[in-house]
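Letters A, B and C mark the chains in the order given here, with residues in each chain numbered from 1 onward.
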Amino acid sequence: MKYKKNILAAPYVLWSALFIIIPLCMIFYYGLTDKSGAFTMENILAIASVGHAKALWRSLLLSLISTILCFLLAYPLAMILAGKKGNQTGFIILIFILPMWMNFLLRTLAWQTLLEKTGVINGILSFLGLPPLRIINTSYAIVLGMVYNFLPFMVLPLYNALAKIDENIINAAKDLGANKIQTFFRIILPLSVPGIISGVTMVFVPALTTFVISTLLGGSKVLLIGNVIEQEFTQASNWHLGSGLSIVLMIFIIINMLVTALLEKE
Amino acid sequence: MQKELIKLEHISKSFDGQMVLDDLSLNIHENEFMTLLGPSGCGKTTTLRILGGFVNPDTGKVIFDGADITNVPPNKRHLNTVFQKYALFTHMTIAENIAFGLKIKNKPKSYIDDKIKYALKLVNLEGYEKRMPDSLSGGQQQRIAIARAIVNEPKVLLLDEPLGALDLKLRQEMQYELIRMKNELGITFIYVTHDQEEALTMSDTIVVMNQGYIQQIGSPESIYNEPENAFVADFIGDSNIIAATMIQDKLVEILGARFACVDTGFGTKKPVDVVIRPEDVELVEPECGTIKGVVTHLIFKGVHYEMEVMANGFEWLVHSTVLSPVGKEVGIKVDPFNIQIMNKPESEDEEAIAIEI
Amino acid sequence: MKFAKKIYVALIFLFLYAPIGTLIVLSFNASKTRSKWGGFTVKWYVSLFQDETILQALGMTLLIALLSALAATVIGTISCVAMNNMKRRTRAVLMGVTNIPMLNADIVTGISLMLLFISFGLRFGFGTILLSHITFNIPYVILCIMPKMKQFNPSVYEAALDLGASHITAFFKVMLPDLAPGILSGFLMAFTMSLDDFIITHFTKGAGIDTLSTKIYTEVKKGIKPEMYALSTIIFVTVLVLLFLVNAAPDKKQDAVL
């Protein structure tokens, strides 16, 4: 049944070669050469310099914390939503996609207004007689911004995985004598692993590489690896160094994928 | 027989290096109800898809009404297919489904309307024009799939396990419906199934296939009563297939006892296989039988009892309306006409050649 | 327990929608600074329509979103049809490549495209933004259509051929209607992603051209114009109303889109 349909693949094969594969190769080319075009590892080893290493370490730490927080917040939510009767997938996706129609820079900036010294949250806290929250322009605000921005990417895959679990499987576990906690850890959690994996990837990667959230909520005090790379491209115009650091970043993305893939196998 | 309509000549086809059809040749006549019967993977569906034009054979020719149509695309062939699981267009009404082929041929509206009416009447679903396929039961969807195909007035209708998704009762009903429709339309039906009962009920000719080879072609009666090899005997109905020795013409030694039979020409002292249908095994008093045995199992099947009798080291399957309890000693007797002698296949290839005659 | 669940869901939604509420409130704030409430006003909604630069950025954003979503939908649909007929291994390779822009960091995708455009000597501007947006939109379209494609019964397509339809007729009359919900949601997804994108646009835009995102980013340091709050409120409310209308429509097919 080869209705000459292979020709149909040509436009996209060409497109992906030109705009996905070649650009990636260019990053490797720039990252592994210096300005004269000679091979060098310097751009990659530059990650070891104090400033860069610190930014990378901070990025890893903050994105890891954000991912864990997202997971802890999203899992109960996804379970509650999946437990609802009837097919509400459309509505739930809608609720989480809807905020995207308000520009994400503005939404993140709105947290400034909420978190400021004299902002809304501190107004409520002082009204309740509680001490004010001073987290704006710190790493805490960045974590909050990450959790806020990427929470939907954790909820949706978890919801999809949990909603797919046949109710009779859970009933069977109960029938065989498992209590609620055993059912959760032995049946529900293992069955939702594919959802957890895609959720973790979808939160961890953008959190690790962001430069916007740190710019908007961290003031200019907290630099992440994303900020360093962005500056190399837009201000310092050192594409070689920027590319080299991007390769390092990609290595961490690949490590994340490998770890999750291994977890999935188990 | 009517005149020949389709000839398949030396068709071979393999998928990913796996041979599905090997040098298959077959003649199909006008107004014939032909069934391709065999287990899954035997090549029957591939044969049908080659006829429909959905698969091109690696070698060989498809001749239709004297013309070579091997490379004619499906939309230019004068045959139509009723697909497994119906393949109705779910976004169109029943009327739109049936009208699809006619609209493509730019038939006038009045003609199309008449055809829809006629087709729905033929399949006993008058008044369903405006309904959507999803609102119909499986059996009704099946009828619509047939109506959609036959309005195009094909000379041949190809049916790919059309009753496979229906429950038993509906399946039996549809078998009679299909025979009635075929008689009314007066066209050729080529029918693919793995259900031997379906094949025996409906067909003029049955083609038994296995592993890409035709095992036997014949009328339902000849296929059932005179299977040419152990595969056919085993696949069609229940049977006792026993290794035996042909002593001389009309005498065969089965499990150490000599039985009279009617076959000749197998030589003397030649190893053969014999087929004895379970309903042809007579249970008599021990001293009246050719061999003696003991009933080991008994199941009530409705029309008859199914029993297993251990005799001379072989478990005989017996169907009888007379009950013999487990543990009873019985004699086994077989009418000479009911012993079918088959050559032992020495290899798979020989098995195939032997029956192509 | 039920009460606790409700509270929990409510808190999460408060978290998600608090900034949106804040922005809507700010759009009616007479004071120009974010941190003070200066009384209720609608003047930003009026001045918005006199602000050439914002309107231009809006036009650019919508144009790019529309064109890139359309192009990605067409390319994505065609490639889904093609991929469906591929051998398993070839298809797996192409799907792997498709996943790269989604799994990779936006910043890496952005700079990789920037390097590509530089070495091809392309002038940075509308064209480069459009090419980039099409590139990151195609995977979303494929992601939306592929499941529908897998559900599609190939016999239905064959049935159309069997009844005399050509491949083109069979595609448009039989396959396309079946894929339509997936194609539509792919288009909407692509449109949304393009509209919301900042990072990739940031690296592939030239001087003198701005989408709403990049314009807001440059305004961050000198202070966001309140007209921006007004504009995003209008966009948000429009989408909300549209979605409400679509969901209220009794047509089942449209429900399936969301």
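In the analysis below, a residue touches a chain if its C-beta (ideal position, glycine included) is under 8 Å from a C-beta of that chain, and two chains touch if they have at least 3 such contacts.
In this text the structure is predicted, and so the values were computed from the model without any measurement.
Trainee: Given the contact rule stated at the top, which pair of chains has the most C-beta pairs in contact?
Mentor: So the pair of chains linked by the most contacts is A-C.
Trainee: Going by the average position of its CA atoms, which chain sits the greatest distance from chain A?
Mentor: If we average the C-alpha coordinates per chain, B ends up farthest from chain A.
Trainee: By C-alpha centroid distance to the whole-protein centroid, which chain wins?
Mentor: That would be C.
Trainee: Determine the centre-to-centre distance between chain A and chain C, using the mean Cα coordinates as centres, and give it in whole Å.
Mentor: Here the centre of chain C sits 18 Å away from the centre of chain A.
Trainee: Could you work out how far the Cα centre of chain A sits from that of chain B, in whole Å?
Mentor: 59
Trainee: Could you put a whole-Å number on the gap between the CA centroids of chain B and chain C?
Mentor: So the centre of chain B lies 55 Å away from the centre of chain C.
Trainee: Return the residues of chain B touching two or more other chains; collapse runs of consecutive numbers into ranges.
Mentor: Residues 54 of chain B touch two or more partner chains.
Trainee: Would you pick out the residues of chain A that each touch at least 2 other chains?
Mentor: Correct list: 1.
Trainee: Could you say which residues in chain C touch two or more other chains, in rising order?
Mentor: none
Trainee: Enumerate the contact residues on chain B facing chain C in the complex.
Mentor: Listed in rising order, the residues of chain B that touch chain C are 52-54, 73-76, 80-81, 83-85, 87-91, 100-101, 104-105, 145, 148-149, 152.
Trainee: Mind listing the chain C positions that touch chain A in their complex?
Mentor: That would be residues 5, 8-9, 12-13, 15-20, 22-23, 26, 34-35, 75-76, 78-79, 81-83, 85-86, 94, 97-98, 100-101, 103-109, 111-116, 119, 131-132, 134-135, 138, 167, 192, 195-196, 198-199, 202-203, 212-213, 216-217, 220, 224, 228-229, 232, 235-236, 239-240, 243, 247, 255-258 of chain C.
Trainee: Inside the complex, what are the residues of chain C that reach chain B?
Mentor: 153, 155-156, 158-166, 169-170, 173-174, 177-178
Trainee: Which of the residues in chain A come into contact with chain C in the complex?
Mentor: Residue positions touching the partner: 1-3, 5-9, 11-13, 15-16, 18-24, 26-27, 30, 73, 76-77, 80-81, 90-91, 93-114, 116, 118-120, 148, 151-152, 201, 205-206, 208-212, 215-216, 226, 229-230, 233-234, 239, 242-243, 246, 249-250, 253, 257.
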